[in-house]
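Each structure below is given as structure tokens.
Both complexes shown next keep subunit A, but they swap its partner, so subunit B is in the first and subunit C is in the second.
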Partner chain A sequence: MASTLTIDKAAPRRNPGYGSMSRDRAWALKWSYFFLTIFAIFSLVPPLYMLVTSLKSSQEISAATNPWWVFHPTLSNYIQLLTSNQFLTFFFNSAMVSIFVVTITMLISVPAAFALARMRFWGSATLATGVFLTYLIPDTLLFIPLFKMFATFGDWSGIQLINRWYVLLIIYPTLTVPFCTWIMIGYFASIPKELDEAAIIDGASWFQTLTRIFIPVALPGIIAATIFAFTVSWAQFLYPLVFTTSVDQLVLPVGIITTLIKGDVFNWGQIMTGALLGAAPPLIIYAFLMDYYIAGLTAGATKG
Partner chain B sequence: MAEVNLRKVVKRYDDVEAVRGIDLDIPDKEFVVFVGPSGCGKSTTLRMIAGLEDISDGDIVIGGDVVNDVPPKDRDIAMVFQNYALYPHMTVAENMSFGLRLKKYPKAEIKQRVDEAARMLDITDLINRKPKQLSGGQRQRVAMGRAIVRNPKVFLFDEPLSNLDAQLRVQMRFEIKRVHQKVRTTTVYVTHDQVEAMTLADRVVVMNNGRIEQVGTPNELYHRPATRFVAGFIGSPSMNFIPCTLEDAAGRLQIRLSDTLAMPVPDQKAAHYRGIARDKKLQLGIRPEHITDAKATLEPGVSAFDALLDVTEPMGMETLIYFNLNGSEVCGRVSPNAGARDGGVLRLAVDLNNMHLIDEGTGLVI
Partner chain C sequence: MVDIPYQPGRVAAAPARRRRGGLATMMKRKSMVAFLMTLPLIVLIGVLVVYPAFYAVHLATLNKSMQRFVGLANFQFLLKRDTFWLVVQQSCIFAITAVVFKALLGFIVAHFVHNVPAKGQRKWRGMLLVPWVIPPAMSTLAWLWLFDPSYSAFNYTLGLFGAGPIPWTGDAAWARFSVILVNIWYGAPFFMIMYLAALKSVPDQLYEAASIDGANWWQKLWYVTLPMMRNIIAITTLFSLIVTFANFDIVRILTAGGPLDHTHIFATWAFKIGIEGSDIPLGASVSLFMVPILAVAAIFILRDVHKRGNES
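Then we have the complex of A and B:
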């Protein structure tokens, strides 16, 4: 062994030139993994707890056993929820609201972003900043005046919007449109100017430039904005809590809270099950769209 | 195909005049190259012809029609951009046919035109690829193909070769010239590279500071520059400028370059320069190829002197030499066998038959 060691010492080092650099990199990687692991554990514990609790019966939840382990797993919570008309109504309402809101948002914010990013007109830069500023006003400030507006509108026109699930189709875009427009302005701005100039010289109108060049090229950005709009409308809690009260008009987050908490009795098993089922659609959509989201479509357009 | 006329065209950005009233007539089928340093207004002029920039004053006429307020798509022009500007989500064929498809040409004609352009540019094999699968040179060919299939009145090129490496640039330069000889479409080409300008152009337009300095064939610009700027910009290595004055000696006109060095002006040049005031501040403009190693016998109009060389640059077929003359660095081109070496003394011959005199005050060549 001793002789092998001396030979090793005499042999040239494997990474002569960039040894210190790779040491730096290894060090950086080690710490990244360390913090990423801590972060992953931190964010995965609540869903894990939800899963564990959703598989327990009420008796087991209230029993003084290890809360992180299921001793008698049962699907009764799932069966009860999925066969309850109420829960399915919440789910349906949530789906309708989210699908419509995403559609409305994209129909408004993509053309708006294109106009603000590309069709240089007087005040377009100020307007773009203005769009973003509207996003900065928190919904906790807005819900009272909004409620008052819809109430007054109802008194004045006789069209009652409050306590209808579709009132959310008007309210949510106030959150999603400014932010999605802002994302898309940034994305469109990253597309080389020569691309729309080439299209315009080729004879495309502004609308054709948008639909035939910008939307396909900016697809990753559009998908990012779609995911955002969907998440916001799926998870929004304050507005539906304020604007909808009848059980048949509720969306999922509010529905779970208002129907599964009776007085001071918390039906934890079903609450956790409902929350878990509610979190599933966004997860599935993320998983499906992630590939598109990451793909860089602009590669090759111009000198890279 | 059509001619293009610029009449007193001005472009102002707020308070800055980028283009200061230029007049130019480009006849049908001509290949015109705009050349000049960055910021001289050449690209702005091209973009105004394209309709991508509004013009602040004057008229732009394409094929007899004033197009000042005509949108780009109705000007019947095609443009090739420096960074290619290919549509990244479309194949080569789709890129090339995009304009025709927008104009609702019949499918058969689109296919025929695309195939023909692809054959002309030797990209038939690439027709189904996406831009990101192509090399820089191939992308630029596609960009040219996109222009060719439209069969426009005017081709506009905005520094199309600047992103390519040196070897490819020479090859594409040849390609562009070949395509122009075939399609004979009026072409306006912008570059900052004077070699590109000289090799491609029927006529070169030298721009500086928002104005046209001179318009002429490559040879005219090279041999008869109108201003010091043109004289210095065209040609590589560029022309030498040496401060000098004129004086009379024994009834002959001679040019004084330093206290110790004066040379007789050749007779045919002397007749032209005789009227110039003797104390006027002038610059002698002489190209490096007219400063060579001295032969045993000197031709008429050639003067010889000894120079202390600062630096020599052997290029193989010739050696570039640099020496100091009355405070200016002067470049000459000598034979590789002349024995030039750094710090050595070499007897040089200056061929004043090819001299230019520049008025230092106005910058004009006299």
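Then we have the complex of A and C:
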């Protein structure tokens, strides 16, 4: 009966509260909780298992004890990784790449989205569609020609970009800019036109209209786009795998996979610790800014 | 809401009729400003997306040392190889099975979350979206460890019930199952979130009206929920089809295409040939085989997005 009381409070309109009906609802609610628990376990097993393994010593991992439980928790894996220069280099490279890519992405996509949403010009509608189409072109289609392009460019100009972490600053925007532009077009288009008309009448330039009115009003959209750009550049795996090979140029995902796996020897304690530390920044952002994260996720298909 | 079509210049035109020259330069400046604002975007897309896409076609017509034009010889060579047909088969199995199960699971879970009182929804949604937030390369490592041949935690658990050890990544059929399972785990939360947003946008009155007409839950689902969600289901499914078909991370880390090339999909095989095997033209040819399916999905998405734009 306690459960029926809670739905009464939460969704008063949807619960008529008559005898058989509320009994049905109570049953439906119990089943919902039951299945949600199963799905939540399914979702959380891999990250939790990462955590469990990261707290084990290699002796405990190779002993045939219950793998789901830590009997002698130790932080040695964390200490080893966080004091290893190699791992810190990966972390530093990943952080640099992500921060720069987010900045570049926002500098390109916010003005472009403003122009496409508000300043109708020749070909602007086609360009907006083109931006969306670009978003649908996957990285797995472009990595071979891009690799060859940069190799040819290096031979031709003498500027060697392959196997430098900053080559990723040029390539990642192809993944982030189209989506961010697309969702920013949606956010900008939802701002009432009276606002910018008033600004223009008051003598503001287009640039001032963008910085003084559109960016503050569309701030939730900008935060959502920033989070998207950050998670994409932090998680990207294919491009760094193709473009960087030297140990000091690797970003976190590739670094963990290429250096911690040595031949057939898997140091699982350290691999799981590295994976957990690599997953931490997006998870922390998600924990604090979940609503913006979800807004960005759903905006791609619901806006525009 | 009445949408007044935006007429640039209309507001300014009335007082400024006398000095038409000033208005003309302002209009000229406006399109100039707009062009400058979109220029970085145009350059980026042109140089790093459109050009490489066509360059891939050019590369595919060269021989291995990239000095001689060989026409369609690369494609002919691929069509004669058994591994290629294995990759085509596995790519289709992988993408279709994974997308269908992701959509079904997402739909079911979204309904359960929607059933729960509004206060608790945030907590459940937060937990269920975690797989989507973790970088796939990192979470696939956790799965690889869960599937480990000698220390698999799943096999340990199955062993408690007397079930034999399963060769998760060692046997071709099980390896195919495993990569699909991991992909479903990773992608289902995306569907869940999209469907949840769509479910919340269905007006309650429709369900009330259906209840008064005596509809059971199945009829409500079939005649109210599904038609209202049709567009979002189509867009999400097509979008996920593109992403899943072009997947790389999960297969690469979990099985690297093995055992005996049975889990290779286009992207991982193109990487193996083009980058690891340094046969760039052949690798480019392999990845180009993705284009027809991606193009069909993209056309349908574009149609649906436009339809959606016109409705609102």
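We adopt the following convention: the second predicted complex is superposed on the first by the 246 of 304 C-alpha atoms of A that agree within 3 Å, B and C clash if a C-alpha of one lies under 4 Å from a C-alpha of the other, contacts with A are read in each partner's own complex, and residues count from 1 in each chain.
Quick note on the criterion: contacts are C-beta pairs under 8 Å (C-beta built on N, C-alpha and C of every residue); 3 or more make two chains touch, one makes a residue touch a chain.
Just so it is clear, the model here is predicted, and its values are computed rather than measured.
In the superposition on chain A, A:Gly203 makes contact with subunit B only, not with subunit C. Once the two complexes are laid over each other on the shared chain, residue contacts for A:Val242 go to subunit C alone; subunit B is not touched.
When the two structures are aligned on the shared chain, A:Leu195 is found in touch with subunit B, with no touch to subunit C.
In the superposition on chain A, contact of A:Ala40 is made with subunit C only, not with subunit B.
Of the two partner chains placed around the shared chain by superposition, neither subunit B nor subunit C is touched by A:His72. In the superposition on chain A, A:Arg23 makes contact with neither subunit B nor subunit C.
In the superposed model, A:Pro216 makes contact with subunit B only, not with subunit C.
Once the two complexes are laid over each other on the shared chain, residue contacts for A:Tyr286 go to subunit C alone; subunit B is not touched. The partner of subunit A that touches more of its residues, comparing subunit B with subunit C, is C. Common to the subunit B and subunit C contact sets on subunit A are residues 197, 200-201, 297-298, 300-302.
Within the complex, the subunit A residues that touch subunit C are 6-7, 9-11, 13-14, 28-29, 32-33, 35-36, 39-40, 42-47, 49-50, 53, 61-62, 66-68, 107-109, 111-112, 114-116, 119-122, 124, 127, 129-134, 136-149, 170-171, 173-174, 177-178, 181, 193, 197, 200-201, 206-207, 231, 234-235, 237-238, 241-242, 253-254, 256-257, 266, 268, 271-272, 275-276, 278-279, 282-283, 286-287, 290, 293-294, 297-298, 300-302, 304.
The touching residues of subunit C, counted against subunit A in their complex, run 4, 6, 8, 11-12, 30-31, 33-35, 37-38, 40-42, 44-45, 48-49, 51-53, 55-56, 59, 105, 108-109, 112-113, 115-119, 122, 124-139, 141-143, 145-146, 148, 151, 153, 156-157, 185, 189-190, 193-194, 197, 204, 232, 235-236, 239, 242-243, 246-249, 252-253, 266-267, 270-271, 274-275, 280, 283-284, 287-288, 290-291, 294, 297-298, 301-302, 305, 308-309. Taken together, the subunit B residues at the contact with subunit A in this complex read 50-52, 71-73, 77-79, 81-89, 98-99, 102-103, 130-134, 136, 139, 146, 150, 163.
Here subunit A touches subunit B in the complex through residues 192, 194-195, 197-205, 208, 212-213, 216-217, 297-303, going by the rule given at the top.
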